[in-house]
Amino acid sequence: MDATDAQTACFEAGIKFGTLYHQFAGTPVSPASADSLARAMEEAIENQPYCESVTVDVLVEALEAELADSAADYTELTGRFVEVEMTIDYEGHEVRTRMDMQDGYPLMRVVDVDPES
Amino acid sequence: MDATDAQTACFEAGIKFGTLYHQFAGTPVSPASADSLARAMEEAIENQPYCESVTVDVLVEALEAELADSAADYTELTGRFVEVEMTIDYEGHEVRTRMDMQDGYPLMRVVDVDPES
Amino acid sequence: MDATDAQTACFEAGIKFGTLYHQFAGTPVSPASADSLARAMEEAIENQPYCESVTVDVLVEALEAELADSAADYTELTGRFVEVEMTIDYEGHEVRTRMDMQDGYPLMRVVDVDPES
Amino acid sequence: MDATDAQTACFEAGIKFGTLYHQFAGTPVSPASADSLARAMEEAIENQPYCESVTVDVLVEALEAELADSAADYTELTGRFVEVEMTIDYEGHEVRTRMDMQDGYPLMRVVDVDPES
């Protein structure tokens, strides 16, 4: 069957998460540069179609903890250091999504679909 | 409302497309290296959860046409040079997807959701 | 022979250019998001060792010209849309570098090495 | 002063390393997909100017060790899982380079410049 609008909204939400993660993973990041990276990630993804809002939190405390055990003063961005909330609207179907660490992995998930179908 | 399994399947499909595109866009590519890049893209994405199969076609003729007008013998991978088919299976819900050029843009879309909901 | 310090300074400069270009190429970008992306690129690369300063100019006029011919309101970052100046200092050897478009290609080059060897 | 040919050769070598690392870091990788990824990395970078040869070794044993402690069956490519040798030739100046882990970090370095200047 063709996708419903709610299904397409979920597909579009997934595209944005894959984009955000794989475009920016590996970026050199430090506590001092966390904020500019977060803003750039938000504004880059908000360019994409159907993307209502993106909030990126680069976790400065987690970066500081990583670097405390390190000879370096920066590291590479990975899922341990970032939390994301994103809202997609496709043809009136709003999908709220979230990425954060669950059981040691960055988990991308749909929080809410409204209306349901 | 919580996402249905079919909606989650579509979300997962979107993640794979965003990953594939933004991990590999920008890769130096030539007609001679098109095949190794396509295989790596397929096998990389097939590692991801719920991903049944990925077929990537790097379009050698489109590369050749681009390079015929160019002083260079390679270019950067972008949507003009790649077609993708992907099947996701999440909890028995199969989503077939496709990316190819439509009206001058690489369009990622859901072809079919089975069963419907 | 082992690399001289001036040669190592040039090697380090090249690493930063490859990083900057291939980390950020493909990022969705519009005139409105050009500035946040430029700041993130600068601060990300300045984290890397021996990097004294990075100045990134995302070319809003070039973006606007591209989008004027387009149905979309954003595009993907590529060398046509960015100019970079970077200064590396390795053990007192300063290397100034630049990337801009030359003959239709983004050319990364060493502008100056001081002292010479 | 302008860069010497040997310095430019080192700059070009650095570009290739930055490209290789930041294009492919973050790619989903497993022991089964290690080989296709390594071949694609080699052939992609060999497209770039002045690049004589690239050898990429994705470290299957290191991947297996990582995954043995994990609920996942793949991970993201990072410097812990890859060793690279690369030879650049710019105007008769050959630069041999290498990346591998040193003191817990992936270190990119010039092994040899021939002739010296």
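By letter and in written order, the chains are A, B, C and D; residue numbering begins at 1 in each of them.
One rule holds for everything that comes next: contacts are C-beta pairs under 8 Å (C-beta built on N, C-alpha and C of every residue); 3 or more make two chains touch, one makes a residue touch a chain.
If you're wondering where the values come from, they're calculated on a predicted model, not measured in any experiment.
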More contacts between chains, A-B or B-D: A-B
Rounded Å distance between chain A and chain B, as computed from the means of their C-alpha atoms: 20
Centroid distance [mean C-alpha coordinates] between chain D and chain A, Å: 28
Interchain centroid distance [CA atoms averaged], chain B/chain D, Å: 25
Per-residue overlap in chain D, given as positions that touch at least 2 other chains: 19, 21-23, 26
Arrangement of touching chains [line / ring / star / complete / other]: complete
Residue ranges of chain A in contact with chain D within the complex: 21-22, 25-26, 70-72, 76, 78, 103-105
Chain C - residues contacting chain D, complex: 1-4, 6-8, 10-23, 95, 97, 108-110, 112-117
Touching residues on chain A, where the partner in the complex is chain C: 19, 23-24, 26-30, 32-33, 36-37, 39-48, 73-74
